[in-house]
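Each in structure tokens, the structures are laid out below.
What follows is a pair of complexes built around subunit A, which joins subunit B in one and subunit C in the other.
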Partner chain A sequence: MDQEMLAPLAGQVLSIKCAVGDAIEEDDEVVVIEALKMETPVFAPCDGTVKEIRVKEGDSVEEDDVLVILST
Partner chain B sequence: MRRYFEKMGDVGRELRKGEVKRTEENVSALKEVEAEVDAAVERVKTTGLSTEKINERGQMTVWQRLEYLVEPGTWCPLHTLYNPLDNPEDTTNVIDGIGKIGGKWAVVIGFDNKVFAGAWMPGQPENILRVTQVSKRLNLPLVWLVNCSGAKLPDQEKFYANRRGAGTPFYRHAELEQLGIPILAGIYGTNPAGGGYQGISPTVLFAHKNCNIAVGGAGIVSGMAPKGHFDVETARGLIDKAKEFKADPPGTVKTHYDETGFFRYVFDEETEVLDALKDYMSEMPAYAPRFFRVAEPRPPKYPEDDLYRVVPLEPKRVYEFEQVLARLVDSSEHTEFRPDYGPEVYTGLCKIDGFLVGVIGNRQGYLGKGYPEYGDYPGIGGKLYRQGLIKMNEFVTLCGRDRLPIVWIQDTSGIDVGDDAEKAELLGLGQGLIYSIQQTDVPMICVVLRKASAAAHYLMGGPPANRHNAFTVGTAASEVYVMHGETAAVATYVRRLIKEDAAGRPLEPVVDQMNELAQQYQDHSRPVYCARYGMLDEVVKMSELRRYLVAFAGAVYQNPTSICPHNHMILPRIIKG
Partner chain C sequence: MIDGLHSLLFQSGFLHMTLGMLVMWVIAFVLIYLAIAKEFEPLLLLPIGFGILLANLPLSDLMEPGQGLLWRFYHHGIQWEVIPPLIFLGLGALTDFRPMLANPRLIFLGAAAQGGVYVTFFVAHAAGMSLDQAASIGIIGGADGPTTIYLTSKLAPELLGSAAVAAYSYMALVPIIQPPIMKGLTTKAERVIRMKKGRKPSNLEVILFPLAATIVVVLLVPPAAALISMLMLGNLFREAKVVERLTKASQNELLNIVTIFLGLPVGATMNADTFLRPQAISIFLLGLVAFAVSTACGVLLAKGMNLVSKDKINPLIGAAGVSAVPMSARVVHKVGSEADKKNYLLMYAMGPNVAGVIGTVIAAGVFLTLLR
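Take a look at the complex of A and B:
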């Protein structure tokens, strides 16, 4: 089953902490978004494998944009 | 009122496995800063003569006296690193804090007899003013351990005179006494001149047999025949007189116990002086805790050590405020005030050691779509917006009405700016909050958990704009500055950049200056610096924060000057609806 990880707010992708194929555990930090001078980490909602990364560092994202897709 | 307080709503949750895993570095980083603070504290403790040297003279050090005097586990030191005028000895030469003596909370202060025999030193009057302010605000007895050789004469111009000079503690003592706050003094050693007034100005004097207090000591008395200059003949005369006065200095117990009676008691042993202070303290007016407690004291459900994982040292990182709260308050329970309004700020009622307190803190992170309601931009926690300011104004006003002490937990980057924010009246609402705080007249403690910045530091219970602030503690993550260093560098140099660019000159020199300024802000906002210059009254380990809150709550409710019966409180009913 695929699990989409969404941007919690609009901002810029500061860093991506995973690569396609990585095994991820629940609560691992996967992406960090910078907005309003603050860094908002996005955590894995469950264990899984990174199936797809839809953004790259420096991208601007809107709230609810898909960042990463996990296979669970 | 049991139904309001015995079981309140749960707050916080256990840390998840992933949170524990990814916060290992943060734990190490915070503990590294705490180790720097410990090293600075150790320098203060070991400055001056060694403990052995003092003990060889038959005296205890101030640290040994404090350890003997204060009940184990209750000592909460304050101003340990305070040294605003950069004394090379790393101290203002007084050691203070709050702790229990004889079962009662007291403010305690003593001269460090290892350093110039406990002399007055630069920065000390301001230190003492802060201490007397703690006593005044918390209505706590002040206990002095006097052992003061008088002014450190080569530095007298830095502290003797002035609006906040070394004489001000004496009127502050008088002021405390007028308010009904007693000052007990255990007196040791030689206390001439300024030391003499340090000895006489308290309420009840407990003397060690070898002590003296005097308007002028042997040094002054023997030097009172100047020719207008010094020569060898004068010097020899001084030697003879000094020897004579050293053998029999003015103001000993023979004078001030047998004759004037200034010393109410005299004791042979140093520890007996301290025993007598304990005895007196046990008789100080105080309510039994059950008079004010709303529930049995209980520890938080979650370990206080979790705070090393919950609070990121990196100031740009967000976290859940509720996770902090859950590790500080009894049973990890609370009753939140207006949870659906002003989401950037937490306001609520909690229990600390069974006592009811109001808590106000900054939430972190994105505040959700449509907030702030007056702007077309997203809101982020740490900043203050219209609703949050209104909510805090309401909450502190109601806390004042219900006589509830307030715990402020600051991690704020400032108030929202721009024309939308101006139209939303944030300037007026901010100053309005300072007015609201002022009219409450309840004791407050401020915890600078991480950032304390801009006017938000003032109006969220910070000491610069709040005379009800008893004291302010920081943590390893604290940063205090008017704005972030990078912001300050931009504000300072942006016009210059434009000018240089237009003139076709290289930008590197300006950029270097910008980096220097940003670094200076970083260096001057860190915990040890802030404690040294008085922005924080103490830097406290994350795992010790609750102990300070317990001391604060216990002190506030020991002997308050006004009471709101639990059954008359309105705030819990407003929350319940």
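Take a look at the complex of A and C:
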């Protein structure tokens, strides 16, 4: 089953800490978003494998945009 | 020849230095050091520190009424009330009120966090300050530099330097002062509360907001007009999206230019004779009380609202009701994520934070209404 990982807040994608095919555990830091000059790490909602990365570094994201799709 | 050397020596400043001036040099160097080495509100404390040094070099006419360079900056910029409203124009162009419009009930937190302003007003007056001075000290609790300078220059100009330095210092110390109060007043169960998503304000709403806020606030407290009107004009530039050049100029060039002319003369009002009094210490202490009480009032009102509301508010965001934007919102986010790292409070905290700016302006307007 696929699990979408959503942006918890609007901001800019500062870095992506995973690659397609990586095995990820719940609470791993997957993406870092910068908002209001503050780095906010986004953590994986569950264990899984990275199936698709929908954003790249420097992208602006809105709240609830899909960042990464995990297959669980 | 000897006579000539003699008079040159007497006309130099060296023989006119006093101990008080040396103490002020130390204060100036400490502020300059904090600004450069610790990046402690450097945009303000660097020019303020330099202004303090200049004001304590004897025999210069920099602050001489009617002729000195810094006096002119002070008189035409601050006494004429030009600079703080222009700062607000820039802040308005930088501020996104959407987080507040998304959760309108959070406005109350921005109002509650002015509690410290009023409490400290009474405390300072009871401690022997005049009403005008007490109001200028209380407003420090709003943690809003330009509003503090605006109000103090009108009510108690003799306190301007100390009140401004206190306000900017506490803004820089937000991450140290606020967390213990926030943690002390909340339980872990409250700190992990996740906020319900707000609605999405429409574009029409964000354009109407600055217009409506101007009308309501100016009708309610006319003396707040200079600050609130400029704040909202800047915001209207931003949200109208058709005057990008004006928005950019307000946010960048204009804001940067007036910032230079704000800090320098404020520092220059702090000469040894007016600053080195026990009063300066009480201003710093009372300012700290004001700021701490404001933080507590915001958190406590959020807890109170949870008693009657079924969508629970994370009470930490009440602390963001002071107007230190966005430092307080960041602190709320940090303290919240210590309790639950997947709780993202930043944008929710921006709601009370931007409401707090308006709240502090209204508090200043109330003082001006009552005392003038």
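Note that the second predicted complex is superposed on the first by the 72 of 72 C-alpha atoms of A that agree within 3 Å, B and C clash if a C-alpha of one lies under 4 Å from a C-alpha of the other, contacts with A are read in each partner's own complex, and residues count from 1 in each chain.
The criterion applied here is as follows: a contact is a pair of C-beta atoms (placed from the backbone, for glycine too) under 8 Å apart; a residue touches a chain by one contact, two chains touch by 3 or more.
If you're wondering where the values come from, they're calculated on a predicted model, not measured in any experiment.
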Partner chain(s) touched by A:9 [first = subunit B, second = subunit C, both, neither]: both
Of subunit B and subunit C, the chain that contacts the larger number of subunit A residues: B
First (subunit B), second (subunit C), both or neither touched by A:43: both
A:27 touches, of subunit B and subunit C: first, second, both or neither? both
Set intersection of subunit A contacts, subunit C complex versus subunit B complex: 8-10, 27, 35-38, 40-41, 43, 63
Sites on subunit C touched by subunit A in the complex: 197, 326, 329-330, 333, 341-342, 344, 346-347, 350
Contacting residues of subunit A [partner subunit B, same complex]: 8-10, 25-29, 34-41, 43-44, 63
Contacting residues of subunit B [partner subunit A, same complex]: 16-19, 21-22, 314, 316-318, 364-366, 369, 378, 380, 382-383, 413, 484
Touching residues (chain side subunit A, partner subunit C) in the complex: 8-10, 27, 35-38, 40-41, 43, 63
